[in-house]
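Shared between the two complexes below is chain A, which has chain B as its partner in the first and chain C in the second.
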Partner chain A sequence: MEHIKELLYKMADDLLVLGHRNSEWTGLGPLLEEDIAFSSMAQDKIGHSQALFQILHELGEPEPDTNAFMREAKLFHNAQFLELQNDDYDFSTIRHFLFDHADQLRFDNLANSSFEPLAKVARKIKGELKYHVFHADIWLNKLGNGNEESHARMQTELNNAWNYALGMFEKGDYEQQLITENIFEGEVSLQSKWLAVITPIIEKANLKIPSEKDWEPVLGGRKGYHTEHLDQLVTEMGEVFRIEPGAEW
Partner chain B sequence: MINSLDPRIAREKINEDNNIAPLTEMDQFETYEVFHQKKRGDQHVHAGIVHAPNAEMALLFAKEQYGRRGLSVNIWVVKTNNVFASDYDDADIFETVPEKQYREAGGYKVMDKINKYKKENKV
Partner chain C sequence: MITEKLIWTALETVKDPEIPTLSMVDMGIITKVEVRGESNVYVEMTPTFTGCPAIKMMENMVAERLKEIGIETIEVKTTFDTPWNSNKLTERGLMCLKKHGLAPPPKHQGEITMELLEHSICPHCDSKNTEMKTPFGPTLCRSMHYCNDCLQAFEQFKPVV
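Showing the complex of A and B:
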C-alpha cells in the first residue's frame, strides 16, 4: 500500500497547499466577480484534497483534519511550486494555469485507475476541474493578448514559474509499481501529455515556453524538501485548528 | 503600517495614510445580464448581472455567481447595452381602460392557481 499512499499524499498536499495559497486572494481579488470565482475554486481544491485525505484515512493514516493541520512542513509532499507566495495576480494566474492542467490530466488518467476509491473521486470532480481549466485558459489568453504590460508580466511569470512547474512531475520511489499495477500512468507520461496540451494554449496567448536547454526542474518537494514559505503557510493554515484539536466547528 | 489580525492584510504592509483614489467614471468593466436555465427545455430566467471585460469572461463569472449551486444546466450572458428597454416614463402604455376587461385573458389567472395547487400538492 505504500505506493498508493505516496501517490495520495503528494496529490492531497499539492491541492491543500495551492488551495490555501489561492484562498489568500479572497477579498483581495482584482474584481468582485473574479474574487468569488477564484475563491470558489480554491475551496474546490481544499475539497478535493479532503477527499484524498479521507482515502488515506481509510488506509490507516490519521484522520483528515489532523493530517492536514498537524503535520510539520518537512512531512509535506507537495511540489515546491505550490508553496511559493502569491506575489501578484500575474504569478497566481500562471500557477493556476500550469497546475490545473496537470491536475486535470492526472485525475483524467486516474478515473480509470485500478485503485477504485481514487478512480471514484476522479470521476466525481471531473466537472469542477473542467471549469478550473476553462477559467485558467481564458485568463491566460486575455492577459497574454492584453496590453504591453499584461503581456510582459505574463511572460515574466511564465519564465519564473516554469522550472518550478516541471518539479510537479518529480518521480516517486514507487513509480514503476504504480504503472505496472495500472494505478497511475506515471509522471513521465503525465508530463508529456501536459506539454502537448498547454503548448498550443500558451502560443495562442502569444507567450513563449522557456527554451528547453534552460529546463531545470526544481525537485525535492515530493521528498519533504521545501522553501521557508511552506513553514509560514503550514503555521498559518493550522493556527485555528491547533487551538483545540478535535473541536467541532 | 496597518496592523490587521488578517494575515493577508498584514502581509501587504499597507501604510496608515494610504489614500485610496476615489472612484472615477468608467473604472469598472461594463455589465452583462445573466440568464440561467434550470433544466433543459425550461425558459432562461434572468438571474442578475456581472461586470466583465468580454462575453467569455462574463460567462466564466456568471457560472460562479449564479450557477454554482447545481441549479443550472445552461447560462446566457447578454451585454446590458444590447438590451433595448422601454422607458419608465412610458409606463402608462401598460395601463388598460377598465371597460375592456372582456379582452383580458382571465382564464390564465385560473390556470396559475391550478398550476400552483398542482405544484404544492404534487398532483
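Showing the complex of A and C:
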C-alpha cells in the first residue's frame, strides 16, 4: 500500500497547500467576483484534499484533520510551486492556470484507476474542476491580451513560475509500480498531456512558454524539501486546530 | 410496518439548509434507503460538491427526521459510490429552485461547456438574453449571471457532470 499512500499524500498536500493559499485572497481579491472565485476554489481544493485524506485514513493513516494540521512542514509532500506566496494577482493567476490544468488531467486519469476508492472520488472531482479550468483560461486570456502592462506582467510571472510548475511532475519512489498496477498513468505521461493542453491556450493569450533549453524543474517537494514559505503556511494553517486538538468548533 | 417508501416520503420534508424550498430528495443527494430491521434504517447520501460544508449538517437533519417518525436505529452515511451530478435534480426540484429565484441548471449531455453556461435562462423574466458574470457564487453550487432584459443579477444552480 506504500505506493498508493505516496500518491495520495502528494495530491492531498498539493490541494491543501494551494487551497490555503487561495483562501488568502478572501477579502483581498482585486474584484469582488475574484475574491469569491478564489475563496470558492479554496473551499473546493480543501474539500478535495479532505476526500483524499479520508482514503488515507481508511488505509491506516491519522484522521484527516490531524493529518492536515499536526504535521511539520518537512513531512509535507506538495510540490514547492504550491507553497510559494501568492505575491500579486498575476502570479496567483498563472499558478492557478498551470496547476489546475495538471489537476484536471490527473483526476481525469484517476477516474479510471484500478484503485477503486480513489477512482470513485476522482469521478466526482473531475467534474467540479471544469469550473476552475474555465476560470483560469478566461483570466489568462483576458490579461495576456489586455494592455501592455497586464501582458508584460503575465509573461514575467509565467517565466518565474515555469520551472516550479515542472516540479509538479517530480516522480516518486513507487512510480513504476503505480503504472504497472494501472493505478496512475505516471508523471511523464501526465506532463506531456499537460503541455499539449496548455500550449495552445498560452499561445492564444499571446504569451510564450520559456524556451526548452532553460527548463530546470524545481524538485524536492515530493521528498519533503521545502522553502521557508511552507513553514510559515503550516504554522498559520494549523494554529487554531493546535489550540485544542480534537475540539468541536 | 416501516417500508422504504415511507422513509422516502418522510425525507421529502427535509430541506436543503440554504434553499428552503428544495428537499434533499428532489436535490438527488439521497442515493439509497434500506430498511434493515423492524426499526432499523440505513440512508446513503452523496454531496453535490466534494467540499460542501453542509453535508454533516444534512446527515444530522436526515437522522433527526427519522427519529421523529420513530425509527430507533439509524445510520446515515455519505459516500461517493453514486456521485451526484446536476441531472439528478428532479423536475419538482428544478421548479423549487426557480421558485426560490435561482435559475435551474440546464440538462447536460455529460459535458459542461462555456456555451452551456452562457445564456442561462433568467428565473425572473425567462429571457435568454443573459450573460455569466462569474462561474463562482455565494456557495460552491452557484454561479452568478446578469439579465440584459430585466436588468437583474441572478444566480444559477451550476450544471455539474
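Everything that follows uses one rule, which is that the second predicted complex is superposed on the first by the 249 of 249 C-alpha atoms of A that agree within 3 Å, B and C clash if a C-alpha of one lies under 4 Å from a C-alpha of the other, contacts with A are read in each partner's own complex, and residues count from 1 in each chain.
Please note the rule applied: a contact is a pair of C-beta atoms (placed from the backbone, for glycine too) under 8 Å apart; a residue touches a chain by one contact, two chains touch by 3 or more.
Computed from a predicted model, the values in this text were never measured in an experiment.
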Original post:
Superposed on chain A, are chain B and chain C clashing or fitting side by side?
Top reply: clash
**OP:** Based on the superposed arrangement, let me know which partner A:Ala51 touches: chain B (first), chain C (second), both, or neither?
**Re:** second
Subject >> Contacts of A:Lys223 with chain B and chain C, given as first, second, both or neither >> reply: neither
Original post:
Between chain B (first) and chain C (second), which does A:Gln43 come into contact with in this model arrangement: first, second, both, or neither?
Top reply: second
Subject >> Partner chain(s) touched by A:Arg242 [first = chain B, second = chain C, both, neither] >> reply: neither
Subject >> Contacts of A:Arg123 with chain B and chain C, given as first, second, both or neither >> reply: second
Original post:
Touching A:Glu33, do we find chain B (first), chain C (second), both, or neither?
Top reply: both
Original post:
Who does A:Tyr131 touch here: chain B (first), chain C (second), both, or neither?
Top reply: both
Subject >> Touch count on chain A, higher of chain B and chain C >> reply: C
Original post:
Once the shared chain is lined up, is A:Lys142 touching chain B (first), chain C (second), both, or neither of them?
Top reply: first
**OP:** Starting from the residues of chain A touching chain B, keep only those that also touch chain C in the other complex, and list them.
**Re:** 33, 36-37, 40, 131, 134-135
Subject >> List of chain B residues in touch with chain A within their complex >> reply: 7-8, 12, 28-29, 50-54, 56-57, 60-61, 63-65, 68
Original post:
What residues on chain A touch chain B, complex-wise?
Top reply: 24, 26-28, 31-34, 36-37, 40, 131, 134-135, 138, 142, 236
Original post:
Which part of chain A faces chain C closely enough to touch in the complex?
Top reply: 33, 36-37, 39-41, 43-48, 50-51, 120-121, 123-125, 127-128, 130-131, 134-135
Original post:
For chain C, which residues count as touching chain A in their complex?
Top reply: 49-53, 79-81, 83-85, 112, 114, 117, 133-138, 140, 143-144, 158, 160-161
